[in-house]
Each structure stands twice: as C-alpha cells, then as structure tokens.
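Both complexes below contain chain A, partnered by chain B and then by chain C.
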Partner chain A sequence: MSSMTASLKNLREKPWIWSYLGMLVVWLATISFTGGKGGGDVITAALSFATFTVIVGIGQMFVITTGPGNVDLSIPANIALSGAVAMKVMGGENEMLLVGFAASMGCGLAVGIFNYSLIRVLRIPPIIATLSASFLILSTAIAYGRGLKIKPPLLLSDFTTLQIAGIPVLALFIIVVATVMSVVLNRTLYGRSVLAIGQNMRAAWLAGINVERIRFATYVLSALMAALCGFLLAGFSGGASLNMGEEYLLASIAVVVIGGTSVAGGKANVPGIWGAALFMFMLVTMLNTFGASAGIRLIMTGLIIVAVITIAGGDKPER
Partner chain B sequence: MKRYLTNPKFLRSALPAASLLVLLAAIFYIQPRAMSQFGMNLMLQYAVPIALATIAQMFIITVNDLDLSIGPFVGLTACIGATLLNTNPLLGVLALLACIAAYAALGALIHWRNLPSIVVTLGMSFVWLGIAVLVLPTPGGTAPDWVKAIMSFKVPGIPFPLIAAAIIAVVVHFALMRTSYGAVLRGAGGNPKAIGRAGWSLLKTKMIMYAAAGFFGVLAGLSLIGLTSAADAHIADRYTLYSIAGVILGGGEFVGGRVSPTGAVLGALTLTLTGSFLIFLKISPDWQIGAQGGILILVLALRALINRREAQA
Partner chain C sequence: MTTTQIVNFEAVAKSFGAVRALVDVDMQVVAGECLGLVGHNGAGKSTLMNVLAGTLSADTGVIGIHGQNLTRHYNVAVAHDHGIRCVFQELSLCPNLTVAENARIFHASLKGFGWKKRAGKMIIDKLDEIFPQHGIQADDVVGDLTIGRRQMVEISRAFTVSDEPLHLVILDEPTSSLDVVAARQLLSFVRKVVSEGQSCILISHMLAEILDYSDRILVMKDGEVVEEKLAQEYDRDSLVAAMGNVVESEAIEAHEENIKIRGKTPLVVKAVPRTQTGGIEFCAHKGEIVGLAGLASNGQKRMLLQVFSAADRHLNDTRVEGPVALVAGDRQTDGIFHLWSIGQNVGVRSLKNMVKGWLIGRDQEDAMASKWQAKIKIKTPDMNNNILSLSGGNQQKALFARALGSDAEIVLMDDPMRGVDVGTKLEVYDQIRKEAEEGRTFLWYTTEMDELFNCDHVYVFRNGQIVSELSRSELTEEKILQSSFKESA
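Up next, the complex of A and B:
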C-alpha cells in the first residue's frame, strides 16, 4: 500500500509522463488500424512537425511559469513577421543565411521588448498587452509580406528537411536546445528566479530577485523562440506565408498545459513539451487514419485540451 | 467645469465616448458626405453584431475570465441560424438553446475545477469551429426572413445601428448595473470571497454570466447573418479580438468586476468606425487590425496617464 502511494506520489512529481503515455497509446491505435504499416513514417512526420511546436512551446512555458495572467498571445504574429523578414532579407541566397537569421532574431528581440514595455509602461495585463501588440505586428507582417513569394535559400530548406535514417536532423537539433533550456530552467539563477516569481512574486521580490528584469528576459526569450520558429518554418515549408503562425497560438499553450507545466505558474518542465507536441500531432494523424472529417478532428483536438486541463488543473490554490 | 476636466474619475468614464467622438469628427472632416443617414448606416452596419459580441465578452470579463472562443462561437451560431433555424425552426431554436447551455456548463466547469479560462476557451474555440464545419461544410445557407427583416429595419432620421446599439446598452446597463442581483454578479468578479461569505452561490453567478455571454453570442451570430444573409464557419473568427478590444476601449477593467455596458457598446462602435476611417484616409486595409491595435494602445496609455495622475493626487 505504502509503496503504491509512494509510486503515485512519484508520478505526480513527473507529470510529463502522461503526455508520453498518451502518445504511445495513440501511436499503437494508429498502427493497429493500419495493420502495422507506416508506423515509422508516423514517427518521422510527428518529429518533423512537433519540432516547431516545441520551439514556441518552450518560450510560452517560461512566460506561463512566471505566474497567473502571464501568457504570450503575440506568437503567431511574430512567427509570420520574422519568417517574412528573413525570407526577404535572404532573397533565396545561401550566403545571406546568417544575415537572414540575424534579421529574424532582431525581429523577435524587437517584439519582445515592445511586449514588455507595454506591460510595464501601460501597466496592463500581459494578455491584453501581447494581444494589442500582435495586432500591430500582424499588420506589419501583412503590409510587408504582401505578394511575397520568395523561396528560402537551398541551404536552409535542405537543413530543415534533412533526415538521417528517418530521423529529422532539425528535431535532433531542437532536442539539444530543449535539453539546454531544461538546464537553464532548473540549474541557473535565471530559471530558478522564474520559478520563484511564479510561486510567489512578492516573496521573490523580498528575497532580492529583480522581478522586472526576469520578466523582461522571459518575454524577450519567448519572442526570440517564436522568431526562431518563424525562420525555420519558412525554410521547412518553402517560403513564408502570413497565416503560417496561426495554429501555434493554441498549440504553444496546449503543449505547455498537456506537458504538465502548471498554468498557475511556478512549476514547469521541458520534457513534457516534447511529449505533448508529439501526442498532439499523432492524435491528428490517428483521426486522419480513421477517416475522420475536418470537423471531427477540430472537435477532438479541442475536447482533449479541455479534458487534460480539467484533470490537471484542479488542485491549484487561489492566490 | 475645470473641476470636471481634472477629475480622474470623470476623465476615465468620459474616455470611451471621447475616443468615439474624436474618431467621428475626424471621419466627417475628411469625408463630409459620410455625415448622412445613408453614410452612417453603411459605416456602422456591422456595429450591431460586434457590439453584441463585445457585451458577451464583457460578461465573461466581469467574473475575471477571458473568452478566447467567442469568435468561433458566433460563427457557429451564424451557421446554425443560416441552416437549421431556416429549414427546421424548432430544431434550430433547440440547437441555439443547447449552445447557451453549453456556455453555462463551461462556466460551471471552470468554477468547479478552478480552471484558467483562457486554456478552456481556447480549446473550446476548436470545438465550436469543428461543429460549425459539420453544420455548414461550405459557405452558404440562408438567413431566416424574420432575421433579415429585423436587421434591415429603418427609422426615418436615425441610423438603425445607432438605435440598436442604444437599446443593447440600456438593457444591459439596467440589468447589470441597476439591479441588486447585477451588483452581486459584478461582486463575484470584484470580491468573490465576500460574495461567497454573504451566502451567494459563486457557482450560480459564474453559470449565469457564462449563459448570458452565450445568449449574446447567439444574438451576435443571428444579427450577423441578418446582414450577410449567408454564413460560413469562419465568418466571425476576428470577433474574439474585436470583443476583447471593445470591452477594453469601453473602459472595462481586466480584473475586479469593473465593467461598463455603455462603454463596451461605445468601444464596439469605435472599432467598427476604424475600418471606415482608414478607407477614407486611403490607407491600405492591410493596416486595419494594426490601426485597431494602435487605438487600443493609445486609449490604454491615456488611461494609464489618468490613473497615474490619480495616484499622485
């Protein structure tokens, strides 16, 4: 009995396990439907597409972890803008690759600084600040990117679609990034400060943490991750499009929640984001395999998110 | 007079009306011909569904939540309105009532499990969109004649959207600001603990507010197809952003149950007019949402300025 409660407690401390279990169940259901065919292809595709969700998910996770009310709604607009800017700067030339990368990072930096200054100067909730900012960013992207049909440099599109033995190289690269971010979260002063602020902002402030500086860094980090996603996604999908960021608003929040990060703040984990992103992609693949219509796929995606948050979000104390 | 002009409370409550008047004045200055009943009707056509969606969002914001699914929800009710409600009115009405009941149930779920509303409603936005796609897979359908008749109602001398907006504002103002239970509902956002200790059911207040939001969402969907006469699952995707911006422009505070129905309606009118303003300025429609974001930031900046003044005084 006591060993069972102990293992239950152990599970509670590793909430990310559920997303991997969910992924496994969905994958088994899919390949049992196809009779074992295409099981490897599903994994390859899941790794390729989940990569982009993981990139923005990591940024969103840091933002959400700084406490209730903190969320970055400007991610889709940021992806659209930084992707478009990078494509235009590079103009399809391989030797401009680094300049293009720098340009999209510059975009992300500007968006992050803008988001934070709205929060700080106007003293408005981050949801409203990032939402208003996203209006402006999206408009800039629309005006800037109208009729933009520039192919990404060959080097970039090759790198983003390269596979070794069915494993996308970009996914390996982002696994390394996620590992680094996990260390940043758990082992650095910055990461511990983010967690402390999320647990109790006032206590963190009294403990001598420069709360505003940490929040600033967090919103900039999230914007930089979104810009990175825009850059890579434009290379992956053969050019930037204005609505390529749209699906990442829900996706970035969903993978954070499903991955076991607390929406009340102060508790985060990176591995869960990978599990959740793979789970979400495989779920859609499974529904496709079963022949579900677009409507059913949308309904199922929504219901799963609501179900996960209902199960996970119950015992949060009100602050 | 001077006392009023420096009184932060007065300034804050006058801000929504002032922004609308400034925008109107600018439009009339650039394009004097807009100052006719026809011109106003044209410019403000879509103000009615936007105002109704804004009121729906306001109910949710009153209880300290945020609804990121109101746009797809309005789209769903528009799809039901243009299909079921026309071909089988009884089934249509039942479906719309079920939508409102679903909203009340969401309120209950959010209260019961103490869930963050943005995650729940973001998930639900996919559900609404999915159902809408099932109801109406391709754009089309026809709005019932009575809905079209209401929306093309004409009063000599006054543009219809203004009358409708005034009615919406007065009715909601009376219900939420002037009745004793309205005060309880707002209190559930301002000080839930006090309301709970006074013996009111917080679960009930949350469910009522969500149901009210669902009801106004349905009205928004129906009034929208009254104008367009056909529907599409994506017809109201932008309404989520419009409704949040409308509430904020109208002086609603994000937390604490401090909202204003009149302000929300004025905010919706302001947002609707931004589009016309840009067209008259010959600015590309690319910048329309950007301009709306800009106005939002400007009004928030003015409010921050007033608040700072108040803190100093």
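Up next, the complex of A and C:
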C-alpha cells in the first residue's frame, strides 16, 4: 500500500506521463472499435502529423515557461512566411536546399528579433506584441505571395515523407531534437535561467541572471522553431500555403499545457509535448473512426482535454 | 486579574512525512498575558502557531479554546470566531490591493456605501495608535510598500476590531523587518494591550525583546517544549542555555578588536545615492564590512540595488570593481525560487562555475548543496526537498549560502537576518568576518543595532541621503539614532 502511494507520488512528479496514458487509452479505444485493423497506420499517421506540432510546441514551451503573460502568437504567420520564402528561394531545385533552409531560418531570426523588440523597446505585453507582429508577418507573406504555387524540391518532399518500417524518418529526427531540447532545458545555463525567470523574474535578476538576454534568446528560439516547422511542412504538404500554419496557434499552446508544463511559468518538460501532440491527433482520429459528426467531435475534444488537464494538472497550491 | 484560560493545548503532535515537527506539545495561554516563544530555526514554533491559527491541523492531541474542546472541527474560521488572530512571518497581505481593502478582508461587517472609507479609517487609526508617524496612506497599494511598512500594516490589521471578538494575537517574528524605533513602538503597544486583558504570543529571535516584554517564556527544541518559566526567572544566558545553544553569547564582543585601518586596501565600491546631490560619498574598500544604518526604508536598499545594477556596466555615479551577489531579506519577492529544491536555490548563483562543456555538472551542484548544508546548518533531511519545506529562518540560510558560495567579491546584504536564530547569526557573523579578512567586501544593510557592531565602517541614511559616517571606533547606538532623526535645517 505504501509502495503504491509512493509510486503514485512519483507519477505526480512526472506530469508528462498523463499525456502518454491518454494517448494509449485513445489508441486502444480506436483499434478495439475497428477490431484491431489499422492500429499501425494510426500510429504512423500520428507520428507524421504530431512531428510538426512538436516542433512549434518546443519553442512555445520555452516562451510560456519564462512566466505569466509570455506566449508567442506569431507562430502561424511565421510558418506561412518562412515556408513561402523557402519555396521561392529553392524554386524546386535540389541544389538550393541548404540555401532555402538558411532563408527560412533567416525569416525566423528576423521574426524573433522583431517580436522581442516590440516587447522590450516598446514595452508591449507579449500577447499583444506577437499578435500584432503576426499580422505584419502574414501581410509580408501575402505580398511576397510568389512562393505559394511552387513545388518543393524533390529531395525535401522525399525526406519529409520518408518512412522506414512504418516510422516516419522526420519523426525520428525530431525525437532527437526534442531530446536535445530536454537537455537544454534541464542541464544548461540557458534552460535553468528560463526556469528561474519563470518563477520569479526579480529574484532571477538578483541572482545574477541576465533576464533580458534570456528572454531575447527565448523569443528567437521560438521563432526559429516555427520557421523550421514552416520549411518542413511546406516540403511535407507539397508547397507552402498562407493558411498552413493556422492550426498551430492553439495546438502549440495546447500540447505544452497538456504535456504538463505550467502556464504560470517556471516548470516545463519536453517529453510531454510529444505525448500531448500524439494524444491530440489520435483523439481526432478516434472520433472520426467512431463516425462522430463535426459538432460532437469538437465537444468531445474539448471535454477530453479538460479531463486530461484536470487529472494531470493536480498541482497542489503551495502554502 | 482573573485568569481566564484562552488556549489549552494538550499533547499536540504534527508530522510532515518523516519529520516530527511537533511532539506532544502542551501550551496554555490565559487572558492578559504575553507568552514568549523561543527556539532555533525549525524548532517548531511556526508550526505550533499555524496549528493554533487553524492553518494546519494537528495529527493528535487536544485543542481547547475558551474551555471548549474544539479538536475535531478546528480551522481558520473557528479560530477567527474565537478571537484568535495571527501575524505570520510570511506576510499575508494581498499585494495588489490597497491598505484599506486589505483591512476590509478581515471584517465582513464593513459593507454598504462608503466601506472603503471606513476600512481605511479603521486601519489608519490603528496604525497611528501603534506606529505614530508611519507614513502610510489608506489608498497605498500594498505591493508598493517596503517590507517594513507591509509588516506594520499586517500587524495593525490584526489588532483592528469591528464586530468580531479579539482575544489573542500571535506575533511571529513581528520585529524582524522593523527598525529599532518601530519595534519599540510595537512592543510597548503589546504591553498596553496585555494590560487591558487581551493576550499575545510573541515569537522572536531577539532574546532581549522576549525577556523584556513577555510574562512567561516557552522554550522549544526539535518540536518539543523543553522548558517553561516566568520571564523574570530567565536572563539572557540561561535562556540561551535552555535553547541548547553551543555558541557563547560573548562571541559578539570578541569582534570588537577587529578594527582595521580604512583605506589601506583598494577601493571597490564608490557611489553617491541618486536621491542626493553632493555630500558624503559611499565608499567600500576591499575586505571591509560596511554597514548601512538608519531607520528602515530610508534609501539603504535603493543604495544596494544601485550598486548591484552597476556591477556589470559602467555608470557615472557608481563604480563597482568585481562580481557582486545579493542576499535578499525580502525573500518571497527577491530571493526564493519556490518550485525548486533547496540545493537548486543554493546553487543558482554559481551555475556558471559548474558548467562542464555545455552542461551543468550534477555532482558539482550536489556537492555545493551538501557543503553548505553542513557549513551553515540548514535543517532538512534532504537538500533535494522543496525550498518551502524549510522554516523561514532556514530559507534565509539557503539564501546566505547562495551568495557566500558564489564567486562574488562584493556581497550585498539586504537586512538578511530576518527570522534567523541567535546561534546561526553568530556563526554567520563569524563567517562574514573570516571572509572579509580573506578579501571579500560586504555591504550590510541592517535594522538591528547589534549587527552594526560587526561593521568596520557605517553610513547612516535618512530620506535617501547619507547623513553621517562613523568608523567602528566612533560607533555608538546614540550616534546612530541621533543622525537617523536629525532634522535637516
């Protein structure tokens, strides 16, 4: 009994476990409905699509972890712009792949610097700053528009859709990136500083942390991740489109929160983002399999997310 | 005077996991007395008071209030209904509300048109009564007040009366953030209240306060009451002995021979307060302990922050040579990372030196944690526990360890001994002395007169200006009080 409560306590300290449990339950429900058919395909599809959510989710996680009020709403616009720019620069040529990649990273860097300067120099709250930035970025993408009808280089589209034994290679690649980011969060000066700032910005400053440099790095990191997502997504879906980033606005925030990162800042984890992204995708797949109508699907998605967060987010208030 | 019993605790016990915070504690409080409560950090004083205030429930034991056995359904509301109020060490005011609004939270009967005015009058009247010339307005937002003023508001609020009864006020380290004058005002007010038939429980690490102002003293150690006598039966030495203190109380005097000749070592800090034009310059030389004296919140902390922010860049009015670390006094706002372990809180200032390649070395972090746990005696079974599992004084020790364990050559201390017990204080004083001899510089803002006698040189602040400077040999309590109050012509 006591070992049971001890292991339960251990579980509580690993908030990401719940998103994986949720994913497992949803997957089992789906394949029991289909009588075991298509279980593997669901996983393959979930890995393919969750990959993109994870990329932007990691960036968003770092931003949210720097404390209340910090959020990056410019992610969708950034995805659209960097995808479009990369497609245009590459013009479908394999040789231009690296140049295109550099171009989309350049877009991300510019967006990150722009976001941060709005926040820092003009002292606009991050939620407003990144939202208004996103209008400007999207307008730029529209004006630039020429990248939109261009096919990605064959090499890129092959790489983003390549599978080995049903496992998308891109997903494996992003699992490595997530692992690295997890180490960055927990074991580097930068990650520790982010966690400290999220708990108490003033105490972090007085403990000798360069608060503004870290916040700058965080908004740039988030923008770079969004740009990476835009680049890969354009390759994956056969070209860039203006609205291809749309669903990632809420998804990037949802996976962070469902994954067990505290919205109040100072507490974060990377594994949960993967679990949450897979969970979200499988949830929609399950409801589709059940033949639920669009209305029911939305209601169920909402309810199940609330349920998972209630169970997982059992943070007792301190004192 | 009749001796009506207000509180009767019998064999009250409380454990947190494996830690036995209270072991069969008996405690009685009668009407019209001031009960002093002393003991080391982590002795269980605050836990006992939390049980009495209803914020923690006892595991076993009997809780009797006004002769009724209330053990089964005791909580904050019941305590409040029975006239028991508590001023906690961790201040409990809402920082985003005004002083008047905070007063209203306590008094549900203040409603209808003009409640804000009445609440404001109520709290300001009480402030005037306890702390004349407090300088607080009813519509001040609490978060903008200094920690000393917040404490004044918190204390005064506990003594305000509307239609609920008031029998007992618990004062947990009430003077830790107050300067000498305000502390005296409070303590004489306590005596007045007690003579009118109400009761107080007074917790303080300043033994003189306990000896002079309480009627009866309860000594706690490791969760138990080890001794209970009338206050006049104790003197400082016997009280220290009862607490089980290993450090001799004469240790303070021993420092007095440490008088250095100022200016023999290079200058490391030179600054003029921003609120001052001309006048006395603030200077600190390598290896000096420089005191910032005067009444609370007269610009001392601003001076420290000015030095702190000048450490990594060049400013015209402030010159600082060498890395700086700060020991926070207002630990909730300036110090603690509440989601982290004790070890992480200690290590955060020194992470740069723990990096190997790209990563923070776990071994170095653990080593620093256990080194400082032993060195400064942080009372915990495991440095990996959350920082909030520590008592207030022990949290403060962790903040000390953070600064002393860092690479800083200049350590700024913002009245850092709030809630730290006598034994630890003396050990930390020794540590500071030793490190100063090895070349570290300390800038020490303190509201405690005794602590100034550890300094080599003292600057007295009033209204954001330096009004006088005293070397160690010139330093007397009278001189400091005189310049703290001196009216500018």
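We adopt the following convention: the second predicted complex is superposed on the first by the 296 of 319 C-alpha atoms of A that agree within 3 Å, B and C clash if a C-alpha of one lies under 4 Å from a C-alpha of the other, contacts with A are read in each partner's own complex, and residues count from 1 in each chain.
The criterion applied here is as follows: a contact is a pair of C-beta atoms (placed from the backbone, for glycine too) under 8 Å apart; a residue touches a chain by one contact, two chains touch by 3 or more.
A quick note: this is a predicted structure, and the numbers were derived from the prediction, not measured.
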Touching partner for A:L221 - first (chain B), second (chain C), both, neither: neither
Which of chain B and chain C A:I305 touches, first, second, both or neither: first
Chain C versus chain B, contacts on chain A by residue: B
Touching partner for A:A80 - first (chain B), second (chain C), both, neither: neither
Residues of chain A that lie at the interface with chain B and also at the interface with chain C: 318
List of chain B residues in touch with chain A within their complex: 66, 109, 113-116, 118-120, 122-134, 137, 241, 244-245, 248, 254-255, 284, 286-294, 296-297, 300-301, 304, 307
Residues of chain A touching chain C in the complex: 183, 187-189, 192, 195-196, 199-200, 202-204, 206-209, 262, 266-267, 318-319
Chain B partner contacts - residues on chain A that touch it in the complex: 68, 71, 118, 121-125, 127-128, 131-136, 138-140, 142-143, 146, 249-250, 253-254, 257, 263-264, 293-306, 309-310, 313-314, 316, 318
Chain A-touching residues of chain C, taken from the complex the two chains share: 90, 308, 323-326, 328, 333-340, 348-349, 351-352, 355, 358-360, 388, 402, 406
